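Chain nomenclature is as follows: A, B and C, assigned in order of appearance, with residue numbering initiated at 1 for each chain independently.
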């Protein structure tokens, strides 16, 4: 059983933060909210999302799991204005999701959850460095790095107490340093890892420019990006595996 | 003889409502205004447009017919701001239309009207159901239907007194019901027909979102869409032939 | 030695007025400002640009020459908001340009100036007619001419004291006349020349719509377009060779 009403804006933000990594996913409809775990086909990027029942106008669920095509759900939510409400109700028998937006009814065929790639075990890493940064600064770093290279190094300089971003291209380089003053918070520790820019660009699309992002880092370890959505009632964590340093 | 001055906005609206169906058309330059009848190459969609002399800043004509390439006329009108005036004068000898926009003179070669597809006889159907609806609701229904299918059913439920739109796709369905309260007006009658969405999408482009549209319907009959332009001084009727029901 | 700070807006305007003609250029870093001369590969269009030291927030140079890829410099400047400052400093040893925008550092590899096409000798023509016109009118004329033809005639009618633009297509024609009243200034003289529209369209992209442009013309002679940038602290001259009249 699942029956919920949510603002189109909240629904879209939720879908987008998962659809940057995968086309379809399982959604766990828990009593206290919904949760999604997914990993991309190459096993490089993972997402772990939770949206509390309080983020909805109304929410009723009893622990089922549905399989959803995210593109299609995004298009449906896209027909509503940001502040319009989207009503969803699961038909258990037909395995279809009935979606209503201001009188318009969309019947979405669900996907058999067993046919969807298995959900990842997201490792509980205890990373030595933690940076809290504005989303806009991540956007700036990723956009600049993309001009010169297809990978990007993130690191922390323990001595100078700063977070840095490095991208080295064939001819040009990009470098950004953010000191404790430029950051919202900094826990210095040994950290330097190289990542694929393609994944970070995708994750960046889902990161709100005006929100804060917690970035956990280590030496040649995955990076963990964490931010809130839906005015704090939703939480998204990305984990991105490092690339092996080429030099 | 033809000499007229009209706002760029009115000219563009007029052209667009015909150019969604055909690339070129005959324009009848009557004493009391201009009129256009056209049918698409597949004989599925027809348009019947009238624009009264009063919709122009000034208008003089004596009953001639010109053949016009609508794309080109649209591009010319597109160079003006919405509230700028477009002056047109026919040179009978050279069969060219002289168009002036704030000092800029464009000489448009006309097309021999005899080389343009014959104008349709638009049948005078007496359809049993009539729905008056906001343009924005047609836009919503067509956009949603397009997500699941390439055809769309329009109908009236006489018992429940409502207008409905149905689109059935291979996996997903879209359904919209508008009751007497949601509509501007409703004359119930037996009505259900299936239409090609491609045509309706094109016609929808020309329908003003904030205007009202009269929709006449029957059982497996053409649909007639009627709306006003140019603050009531222009009238556009579309007629769209039904598709044979596949099931 | 070169070290300068400039608004992103001024930097972009400067780059764009050269990049419409060439992909890379030499920049002369004089004590009193920078200057660029370039000619397109076909030797048809030339640009001569000067930007005074006063157009910069701060400026220090001693007469060097650098070779720059304009596309890349434009992308870098494009990362800043219009009113953000761009800091540039030349590393003489590595021949790289260090560019800083709000903490973000971009290292741009320069091009060996000797590998860049030679700078043109811009002829000092004494053309008989001079028209001072609003940039918006050039835009209008070029846009309209482009609808019918790939070349455009510019001329002055000495008797009627007007500047005219003519474009003759296979079927349609465009004609614009601007009298002394429509112009900012007019020095009449014998002038009529035909030009490639492609070049004029590119130059038009760099001409500010709300600025004034001086147009010098002769009979079958190049046209010289001159306008100011950076609130009068920058000057751009284009010279465009005429096409041989086809009729």
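As a working rule, a residue touches a chain if its C-beta (ideal position, glycine included) is under 8 Å from a C-beta of that chain, and two chains touch if they have at least 3 such contacts.
Treat the numbers as computed from the prediction; the structure is a model and nothing was measured.
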item: Pairwise touch network: line, ring, star, complete, or other; value: complete
item: Superposing rotation of chain A relative to chain C, computed on C-alpha atoms, to nearest 5°; value: 120
item: Rounded Å distance between chain A and chain B, as computed from the means of their C-alpha atoms; value: 45
item: Residues within chain C bordering two or more other chains; value: none
item: For the chain C and chain A complex, residues of the former touching the latter; value: 72, 75-76, 79, 103-109
item: Sites on chain A touched by chain C in the complex; value: 140-141, 143-144, 147-148, 171-178, 182
